[in-house]
Amino acid sequence: MGMTMAEKIIALAAKVPVTRAGDIETVTVDRLMSNDGTTHLTIDMYHNQLKHPHIADPDKLVWFVDHNIPADSPKTAASHKKMREFAKEHQIAFYEGEGVCHQVMMERYVRPGELIFGADSHTCAYGALGAFGTGVGCTDYLYAMVTGTSWVLVPSTIQIRLNGKLKEGVCARDLILTIIGQIGAGGATYKVMEFVGEGMKSLTMADRISICNLCVEAGAKSALMEADEIALTYLKEHGRTPKAVLKSDEDAVFEQVITIDLGEIKPIVAKPHFVDNVAPAQECFGVKIDEAFLGSCNNGRLEDLRVAAQLIKGKKVAEGVRFLVVPASRSVYKEAIKEGLIDTFVQAGAMVMNPCCSVCWGACQGVIGQGETLISTGTRNFKGRAGHKDSYIYLASALTVTASAIAGEITTSDRV
Amino acid sequence: MGKVFRFHKDVDTDQIIASQYLLYPTVEEMKEHTFESLDSEFAKKVQKGDVVVAHENFGCGSSREQAPAVLKALGVKAVIAGSFARIFYRNAINIGLLVIINKELYYEVQSGDTVDVDLEKGLIITEKGSYPLAKLPKKMQEIMDMGGLIAALNKEA
Amino acid sequence: MEKTFTATIWVLGDDIDTDIILPTQYLALEHVEDMKPYAFSPLREDLAGKIQKGDMIVAGKNFGCGSSREQAPEVMKALGISCVVAKSFARIFYRNAINNGMLLLENDKLYDQVTEGDRATVTLGEKIEYKGKTYEISSLPTNLMEILEAGGLVAAMQKKNGKKVE
Amino acid sequence: MGHTLVEKILGRKLNREVRPGDMLTLPVDWCMVDDIMAPFAIEKFYEMGFTKLYDPDKVVFIYDHFLPTTRVEDVRQIKEADAFAKEQGIRHIHRTDGICHQLMVEKGYIKPGDIAFGTDSHTVTYGAMGAFSTGIGYTEMAAILGTGETWVKVPASIKVVIDGTLPENVTSKDVILKIIGDLSACGATYESMEFTGSAMEEMSIASRMTMANMVVEAGAKCGLFYPDEKTASYCGIETKEMLEALQPDEDATYEKELHYKAMDFVPVVACPSLVDQIKPVNEVKGTKVDQVFLGSCTNGRLEDLQMAAQILKGKKIAPYLKFIVTPASQKIYREALKDDTLEILSDAGAIITTPGCGLCCGRGGGILSDGEVVLATNNRNFLGRMGSSQSQIYLASPKTAAATALAGVITEP
């Protein structure tokens, strides 16, 4: 009996020849990512609770200040300071203001075949490069930081077979929201969502990251895609080589197989207050918006900015709407400057922010007020996530968000 | 014995503790904002030994360990839900917050009811009856038995 | 406004700026009552809680320098401060204070003599008496006195607009 | 006996001769209301019994302190201002365009000789254009919104004469800081400052704005530059007569005159926590900083960003240092994109934010915790202004800021 891609990566990390869904394995973690959302607490535990504080391999640690930057309060600044000082003392790779952690990880660190822990739930994005990324809390993180190892319950896999091609005006974001709507917010809990099929060939790296990134919203432990030619080209362009290029065996056992024709996918939105509360975009036409957000680890990449800029060029953001455009990393920002995209956004009346998590995280810049409505390419639309507890978030693709910013109400790109 | 605080389906980590409080220096400073958007009085009302009961998929969303940590800091004895999101579940066990999967209790109790979780007898006891405690996976039970992952780590070292 | 009153003294220094009187992060609170606890907080965190209705502030030069934030005199008025005696006042603060009916008195000697917690007696337009000594204060220009006597600019405008004052 | 510039401006408005000490009732050309103060001014406006603005076209609403919003209550300010603007027919609204004082000049509202009031103390900035402008509270703004006029006591004037050429490493920021240090934080209270001399004539409009912006830190009511060809070309006006009418008389009387030689200026900083604690940069060099801030209505203009870029081109800022750059307006942001300034700053490691008041007003954009030290190009270093009251703020020029960002310690450019 063959193994799934997830089983293969975990077996490699556990240094065992075979492992099966349901097994518990002790694994050596290839990389440990953490950000300012929780690292201050990890550091406190490191200092106050460990009998023998030490770090197994500081070179495996990568830390980011990306959630609340620039700092919005003395308390935030104090937590950042704690991180900065610890990173300096222990020579931990430290990025402050370089962009959203997952994007920078994809640009600089993630390699196919690796097993990566991130103290952030969207770590599953690394599956786009064929790596097993999963989100952990700071206690798990600390354990791995100290020992270099952790335990994993080997997950079963839902294989999603993609055929065909997305239609014009439809984004990878629409695809993954459709899938989450289908299987539900808990539909993949403890499982891996694996994407395969000839449809993959038409998906760019940006599309793939966007898809994998959002799988945690169906409860998934991780998301995986085979590192094919597109992924390996990306890797090479960024100066790295794979740890191992793996894929599921033909005779591997899957929990479930879902087949999707990409050509059938339509623009979709997730309505308040849950990611699986999806509806065709047209059902929400006319909903007035106060703010629109293009950015995040999900849709702040160059490809997203390109399609959005193309749509908004020569047009204006609707009066009274705050349109936040936040590139996902410094290199995205730089490329976007070179291509003239940033200028297009500013000219249209958008506010271009420094690369960071911004309003997707809802505690720093662009928070929305009581009764306000946001349309966002962020990852979540939980009640109150973007600000006031009585506010509304719709999630949609870069195209739909930009179209809505122009119209001042929810609409799709073909209508502006 | 503790009081029940009952919540709905898909209680996400932003409801348990919102983003704007996560960078506060300590859990102690965060805990008064627990469940703020759902019940702004929760942190004031909850007492040591009380129990949170919820429907399916409790703790979905982010990996923020602050979510189980504030519940523990407020003295919540256990969270009993139909199912849990993966990361929350693991985080809770790691810090020694009791998380119990039970599909019936949500339908049987209301907020304000009294309930007892008797670990020795392995029972959840309500005014109406009792429910057996589901067993934790072995690995997790070991961590709980040692008093959480850090305690386990300190024992290994 | 009473012509003569006696008040307990709080002493602050030179150049008490508007960020000290009320830091920016509290400016947008909906009501001045909500701002009260934060008055003077960067300098003396517990001061706002200690000030009693009728107390006075004695300070050095350039009181109220900095921004045009009118929340500064307003929050002081809400705390019940009867007047500020300073060596000098910053311009915008002075104007804002008068517009809010907050009494400001200029005297360049009192500050160097006072001890916090003592009491002093003010006679408007004439003098301040403190520990048996008299400190002169001048009267305000007529147009400002009119605003102050009306109870501030809002009341003065209401009168002009024939609006009934509640 | 002749007249100072402020007497000329005020007298011209009323068509009569005015002297220091005169109490005037002045018609107002521009009312600038920012997002922090708008709801308060609106509330007072109605409380006073007004129902209609005296002239909606003379009112400019600008949202800058709270954008990007960092707290849920920030939005309330904007919504209330928007509702009022709609009801009263205010057409001049800038919701995300940048900092109010920059926009009042950049968007062409302010012309030489205008009378402008704003709900922000740095309204004095427009003196760079030869306009009389000053900050007021929201109650007074409410009265002006209703009546179109207010009272002004004609100020006495201080004349500052600076001749010659400034050293390469000195900017107009160093000049105004030095003057504030010499005058003290209340040395110009109630007075009008006039800047003249060949060094002032040489200065760009942007540099003049930096100086006019900061006169309030010496307590001044306004800070004026004599309108000249540069002013006229910036404003797109040709009326030579008007420019001539807005020059002081040679025999005008000044309360005080300060004379400087431009070549004597050196880069300076204002040390914590008062704007008049001025020291040469060299006296505090080597002081470790955690953050550098380049921006604000004082120094967030294109030439400021360019000065920094020139120093930082091809280099990296010190490790573990935060360098926050906040252009003063979206127009400046675009100009800085066009000439690669932003790319150079970003490559050096700067965090470039969207235009707005940002860190200067202490609501967001890089707030400091206990024990942190910032060197900033804005106008105030008051205790706790940028976060913790246990943090320290040094004020300096864009050049000193860039040199300091590079070294991680306070450094002379």
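Points to keep in mind about this one:
Letters are used for the chains, namely A, B, C and D, taken in the order the chains are written, and counting of residues starts over at 1 for each.
Just so we're on the same page, a contact is a pair of C-beta atoms (placed from the backbone, for glycine too) under 8 Å apart; a residue touches a chain by one contact, two chains touch by 3 or more.
Owing to the predicted nature of the structure, the values given are computational and were not obtained by experimental measurement.
Greatest Cα centroid separation from chain A: this falls to C.
Note on chain placement: the centre of chain B and the centre of chain C lie 52 Å apart, centres being C-alpha means.
With centres defined as mean CA coordinates, chain D is found 41 Å away from chain A.
Averaged Cα coordinates give chain A a centre that lies 27 Å from the centre of chain B. Residue positions 25 of chain C are each in touch with at least two other chains.
For chain B, residues touching at least two other chains: there are none.
Chain contacts: chain A has residues 73, 75-76, 78, 80, 367 touching two or more partner chains. Taken together, the touching pairs link the chains end to end in a line with two free ends. Pairs of chains in mutual contact: A-B, A-D, C-D. The touching residues of chain B, counted against chain A in their complex, run 10, 12, 14-15, 18-27, 29, 36-37, 56-57, 60-66, 68-69, 83, 85-87, 90-91, 94-95, 137-139, 148-150, 153-154, 156-157. Those residues of chain A lying in contact with chain B across their complex are 24, 36-38, 40-41, 44-45, 49-52, 67-68, 73, 75-76, 78-80, 118-121, 123, 135-140, 142-143, 146-147, 151, 153, 185-186, 189-190, 219, 221, 274, 361-363, 367, 380, 382-385, 389.
Chain C meets chain D in the complex at residues 15, 17-20, 23-25, 27-30, 41-43, 61-62, 65-71, 73, 88-92, 95-96, 99-100, 141, 143, 152-154, 157-158, 160-163. Looking at the complex, you find that chain A touches chain D at residues 69-78, 80-81, 84, 88, 94, 96-97, 290, 320, 322, 324, 330, 333-334, 337-338, 342-343, 346-347, 349, 351-354, 364-370, 372, 387-388, 391.
Residue ranges on chain D touching chain C, taken from their complex, read 23, 36-37, 40, 44, 47-50, 65-66, 71, 73-74, 76-77, 118-121, 123, 134-140, 142-143, 146-147, 151, 153, 184-186, 189-190, 216-217, 219-221, 274, 361-363, 380, 382-385, 389.
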